[in-house]
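When the chains are written out, they are named A, B and C in that same order, and each has its own residue count from 1.
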Amino acid sequence: MKFKTFAAFVGPSVFMMILFIAAPLISVFIQSFQVTQPILQQVEVETCTPGFLTQTCTTEIKTVPILGEDGKTMTQTSWVGLQSYKNVLQMDKVWAAIGNGSWNEIMQIDFWKALRFTLSFTLLTLPLVVGVGLAIALAVNNAARAIRGPIIFISLLPFIITPVIGSLSIYWLFVGDGILTAMMERWTGTNISMFAQAWTIELLMYFYRVWHVAPFAFVIFYAGLQTVNMDTLESAVIDGASRWERLRHVIVPHLMPLIIFIALIHLMDCYRVFEEIVGFRSQAHVISLQWLTYDFMTPDDAGNRAISRASASAMLTMIGIVFLLILPLRRTWRDHKGSAH
Amino acid sequence: MFLKRIALAGAVSLMGSAAFAACSYENEVPLKSLSAGFEAWKAVTDAMGECGNFQAELDQEFRTKQPAAFEANPSLYQIGGVSNGTITPLLNAGTIRPLDDLVAKYGQNLSPNQLIRINGEIMAVAMMVNTQHLMYRSDILADLGIETPTTWDEVFAAADKIQEAGVVDYPLGATMKSGWNLAQEFVNMYPGHGGKFFNDDNTTAVNSDAGLAALATMKKAMAYTDPEVLVSDSTYVQQQFQQGKIAMANLWASRAGAMNDEAESQVVGKVAMSAAPRAVADGAPATTLWWDGIVIAKNITDEEADAAFRLAMEGLDKEMVESANDAAIWLVNGYSPTDIAKGAIETATANPAPPAYPSTTQMGLLHTALGNVLPSFLTGEQDAAATLAAIEEAYTTSAKEAGVLK
Amino acid sequence: MSTPKAMQQSFALRFSSGAFLAFWCLLAAFPIFWIAVMSFKSPVDAFADSPWDVITGPATRAAGHGLSVIDIIAGLAVLYFAIRWAFTRLPGLVQQYCPPSLIVLGWVFGAVLYAVAFVLIFFGLLPLVLGALNSLLGPLGTPVLGLTTEHYVSVWAENEFYRNFLNSMLVTAGVVTISLTVGTLAGYGLARSGSDLAFWLLILALVFRALPHSVLVAGYLPVFINSSEILRPILGDGAPTLYGQPWAVIAALVAINQPFTIWMLRSFFQNIPAELDEAARVDGCSHFQAFRRVIMPVMWPGVITTGLFSFLLGYNDFLVTSLLLDAQNQTMVPAIAGYFNRETTTTDQVEAVAAAVSITAPLFLLVMVFQRQIVSGLTAGAVKG
C-alpha cells in the first residue's frame, strides 16, 4: 500500500487522536515542567457577611491576584525543571523511610501509597479476570445449547451496566448494615463493617473489578472456544490425554493470543483505576494513581488547582503504563515483523 | 409534598406552556444561571423560572465550571449561585460585577443584612445562612434523663449513657467522609478550641495546641460513631438519623427538614435541634457560619445584568420563601422560623459567635490539605503531632505552587 | 451434532460445571436485580435493614401501594406471554413486513412499537381490570407485596428524564456512527500496510488509550468554554462556544475511543484474506474501490461487535459528559450522578435508583438483539491479539 493511500485511510482517525489526545498530552508534558502562578498582592479588605440578624464586618489583609488591563488575572509562568516531580515523588522522605526500614512511612506519601494500590490492584485482578473468564467460558460451552443464550445474556450484564451504577449497587449491598453485610453478620455472629478498614475495602474493590470485567474476558474466550480445532482435540483424546491435559496443551495455547489481548486491555484499564475509588469512597484508606491526578486537578472552593503536580503525576502514570505494556507488546512486535517480511 | 409541587411547577414552566401568574412580569431577555443543586436553590430557580426565558443549571460540578464559565467573554451564565467559599475565585478573577446601582433599582425588599459588601461595594446578595447544629433524639435524651448537651464534653458524657442503655446502634453520627467533609469537621472544631488558621506571612498555624486539642476531640468522637464513619457524608448521617440508628449528630442546618419528612423518616417529631456544642466551656460554638447567595456576571451587557438582577429578585421574594419555608434558614423577608430552625438560629446568634468560614485562597488550599491528611490520623496510621506536621507540609507545598508562599 | 463417546463427561464434572454456572449467574444478576427491587419501594423500605422488608415493602404497602396475589399472578402471566411473543412471533413479523434492505430500521420500529404496546397494556389496561377484580375477590384481593412506580413517574414525568434520554441517544448515535466510519477506514489501512509506521501508530494509539481520562478532560474544559474567543480570529463572529455542544462532546468521545476501535477492527481485517482485495485490485480497482466493493460486504460482523463497544462507551461515559455538557444537553449518567451530590435526600436516592434501572433497560435490549452477532463477530476474528 502506497504511503499516500495509507495516509488517506488513517488520516481522519489520526487527526482526531492528535487533536483530542496528543495535543492535551503534549501540553500536560510541558506543564509538568512549569509552574503558572497569579501575580499576587496583599491588600486590606473589608468584608461584611450576614449573620442571622445582623452583619459582621471584618477587615483583614488578604492575598489577592492583580488584574491586568484586559480585566483578567495576571499570571507568570516559570520553568521549574523537575520540581513538580519532586513534589509528587518526595524522594527525600522515601530515602529517609528506607533508612528507618519503615514501610508505614513510605505509605504515608500519597504517590507511593497510590502506586502500591494501583500495582497490586492491576496485578492481582489480572489472573482472576482471565481465570474466571475462562472458567465461565468453559462452563457455558459445556452447557446445553438451549440455555446458552440466556446464560450469555445474564453473564454479560455486569459488563454492560454503567460502571457508576454498578459500583454503587455493590456499595449499597455492603455499606452499613447493607443486606449482604447483615447476612455475614448473622453467619459469623460478629459485627462486621466492610468500609471501616483498608483490607476489606480493597477486597470489595477487587471483587467489583473482577465482577465487572470477567464477562468481557468470558465472551472473548467463548468466541475463541468456537474455533478450537475438533480434530486436534480428538487426536489428543486418542493419545490418551486427560481432560486437564487437553485443556493445558490444546485449548489454552489456542486461546493464547486472546489471553494476551485481554491482559493488554486489562492492564491498561486497571492501571487507570478510578471509578472504584469514588464509588466505594475509599480515599481514606486506599487511593489510585488516576485518583491522585484527579484530586490535584479538582479545584477547591477558592478555585486553586495543582496543575503542575497533576501533570507530573499524569506523566508518571504514563511512564508506568509503558513499562507494564512492554512485555505483552513484544509479541505484537514479533508478529508484525513476521507478517511484514 | 411541597417539594413535589415545586418540581411539578418547575417542569411546567420549563415546558414553556407556563402561566406566568406567579411572576409579576414577563422576562424577555434570555438568561441562564449556574448554582449548586440543593433544595433551596431548586426553590429559588423555580421561582425565577416562572417569569419565562430562563434556564437554570443546578450542577454538582458547578465548582469546577463556575470560575471558567464566568471568565469567558461573554460569560456563559448571567446569574451565579455561590457560598462564602465559592465566591473567592470569582472575586479574585474580577468576573462578577458590583451590584450597588441594581440594588438601588430593584432591591427594595432586601434587608441590609443580605448585602455582601467587599470594601463597601455590594458584590453578592445572600439568601440563606447555613451552619452545623446539634440534632438529637429528644425522646431518648428525655428517657435517660440527659440534659441537652451544650459542650462536646457533655456530648461525650451523654453518648456514654446512651451507649450503656443500648437504645440505638451508635450514639453519635458524624460527617467525616474523607476529603471535604472531614476537613470541614476540623475547620469547625479548631476555631472552637481557640485556634487561628494562618500567620500573618500566610504560613499555616494549625500545628499548635489548639490543633492537638481539635484532633483529640475528633478522635474521641470516633469511639461513639459507626466504624464506617470515614465514608459517611451528610446524606448518610441524615439517613442514619431517619432510620433511628443514631441519637445525636452535629449536622448541617439544611438537613433538619428531612427529619420530619413522613415519606422517609421513622423518627418524625422525635428529633430536636439546639446550638452547636462548644469545644471549650466559655468559647463559641464549634462550627462556622456559611451563607449562600447570588452574584451577577461582569462579562455581559448592562441590559442583561439589569434583567438578570430583576429576575433574581423575583426568585428571592416573599412568595418563594413562603412556599419553601423549611428548605433553609432564609434571610429573605417573609421567613418565619419554625422549630427546626431553632438550633441554627441559636448557633448563629450565640455569644461569642462562631466565625464565618473564611473565604480566602489560602483557606481553599488548607481545606484540601486537611481533607487529604486527616484520614491517616483517624485510621491510626499517624499520631497527632505527625499529622499536624504533615498538614503543614502539604499546605506549604501547594501554597508554594499557587504562589501564595514564596 | 453428536458428541464422540470419549468427549462425554462424567456426571460429577457436568454437575460441578452446572453448579458453577448457576452460582455465576446469581452473582452476575443479583446486584442488578436488587437495585431494581429497591427502585419500586418507598424510601423507608428501600434502605431497610432486613432484606425481607426490602422485598415485601411493608411501608410501601401501608402507603397504599401494593399488589395482591391476583395482581402478581396476572402480572406474571402477562409478562410471560409478552416475552414469549417477543421471541417467537416478533422476529417473524418484522421479517415479513420489512424490506430486507431496511432490516435494521424495521427492528428499531418493531421494538419501539412493541415497547409502547407493552407499556399500554401492562401499566394502562392491567391495573384497570385488576382493580375491579381485587375489590370483588376479598382476601385474595388484599395487597401482600408493597410496590410503587411513583419514583419512575417522578423521574420521567416530573424531572423530565426523557430529555436526558434523548440527549444520551443523540450522543451515543453520534459516537457509534463517527467512531465506526473513521475507525473502519483506519483499521483497514493499518491491517493492509505492513510498514513500521503503521506499527508505531498502533503502539502510540495503545499508549494514548492508557492515558488517564481525567487529565484529558481537564485539558478540554478551558478550551471548550473559551472556544468562542479563541476561534474568533479564524472564524469571525460566528465562532461557536463548544461547551455544552453535543457534537463537540461526540468528537471528544470518538477520539478517546479511537485506539480501541482501530485495534479491534485492524485484527478483524487481518483475518479477511488479503487475496480478496488484491484480486479486486488486479481487476483495476483502486484501494478505495476495493474497500467499498469487496471488504464492505463482509465486514459487518466485526463492525457490529466493535460498534457495540463504542455504544457502551458513549452511553456509559460520565467524566467527559458531566464536565462538558450543561443542564440542557446533559446525558443520563451525569444526570443520575447529580442526584447523589452533597445535598440529597433519601427520596432523591431512590429516584436515582429508579433512573439507574431505567437506563439499563436499553442496554438489556441491545444485548438481547445483538447477542448472537457479538459472539459471531468475535469468533470471526475481531480479536486476535
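In this text, a residue touches a chain if its C-beta (ideal position, glycine included) is under 8 Å from a C-beta of that chain, and two chains touch if they have at least 3 such contacts.
Predicted model, so just to flag it, every value in this text is computed and none were measured.
**Q** Could you name the chain whose Cα mean is nearest to the mean of all protein Cα atoms here?
**A** Checking distances from each chain centre to the full centroid gives A.
**Q** Identify the chain pair with more contacting C-beta pairs: B-C or A-B.
**A** Of B-C and A-B, it is A-B that has more C-beta pairs in contact.
**Q** Indicate the whole-number Å distance between the mean C-alpha point of chain A and the mean C-alpha point of chain C.
**A** Spacing between the chain centres: roughly 22 Å.
**Q** Taking the mean of the CA coordinates per chain, how far is chain B from chain C in Å?
**A** Centres of chain B and chain C (C-alpha means) sit 38 Å apart.
**Q** Counting only Cα atoms for the centres, state how far chain A is from chain B in Å.
**A** Centres of chain A and chain B (C-alpha means) sit 33 Å apart.
**Q** Where in chain C do residues touch at least two different other chains?
**A** 49, 337, 340
**Q** At least two partner chains per residue is the criterion; list those residues in chain B.
**A** Those would be 64, 71.
**Q** At least two partner chains per residue is the criterion; list those residues in chain A.
**A** None at all.
**Q** Can you list the chain C residues touching chain A in their complex?
**A** For chain C paired with chain A, touching residues are 4, 6-7, 9, 13-14, 17-18, 20-21, 24-25, 27-29, 31-32, 34-35, 38, 49-51, 54, 182-183, 185-186, 188-190, 192-199, 201-203, 205-216, 218-220, 251-252, 254-256, 258-260, 262, 286-288, 312, 315-316, 318, 333, 336-337, 340, 356, 359-360, 363, 366-368, 371, 374-379, 383-385.
**Q** Can you list the residues on chain A that touch chain B in the complex?
**A** Within the complex, chain A contacts chain B at residues 35, 37-40, 45-58, 61-65, 67, 71-73, 84, 87, 104, 107-108, 110, 175-176, 193-198, 280-285, 295, 298-304, 306, 308-309.
**Q** For the complex, which residues does chain A have touching chain C?
**A** Those residues of chain A that touch chain C are 1, 3, 5-6, 8-10, 12-14, 16-17, 19-22, 24-25, 27-28, 135-136, 138-140, 142-143, 149, 151-158, 160-166, 168-170, 172-173, 177, 179, 182-183, 211, 215, 219-220, 222-224, 226-227, 233-234, 237-238, 243, 256-258, 260-261, 264-265, 268, 271-272, 274, 289-290, 293-294, 297, 305, 310-311, 314, 317-318, 321-322, 325, 329, 331-333, 336, 339-341.
**Q** With touch defined as at the start, can you tell me which chain B residues reach chain A in the complex?
**A** 63-64, 67, 71, 83-86, 88-89, 91-94, 112-120, 126, 129, 177-179, 182, 200, 202, 226-228, 230-231, 236, 240, 245, 289, 291, 298, 329, 331, 344-345, 348-349, 353, 356, 359-365, 367-368, 372, 375-376, 378-379, 381-382, 390, 397-398, 401-404
**Q** Of all residues in chain B, which touch chain C in the complex?
**A** Residues 4, 7-8, 11, 14, 36-39, 55-61, 64-65, 68-69, 71-73, 76, 233-235, 238-239, 242-243, 254, 258, 261, 263-266 of chain B touch chain C in their complex.
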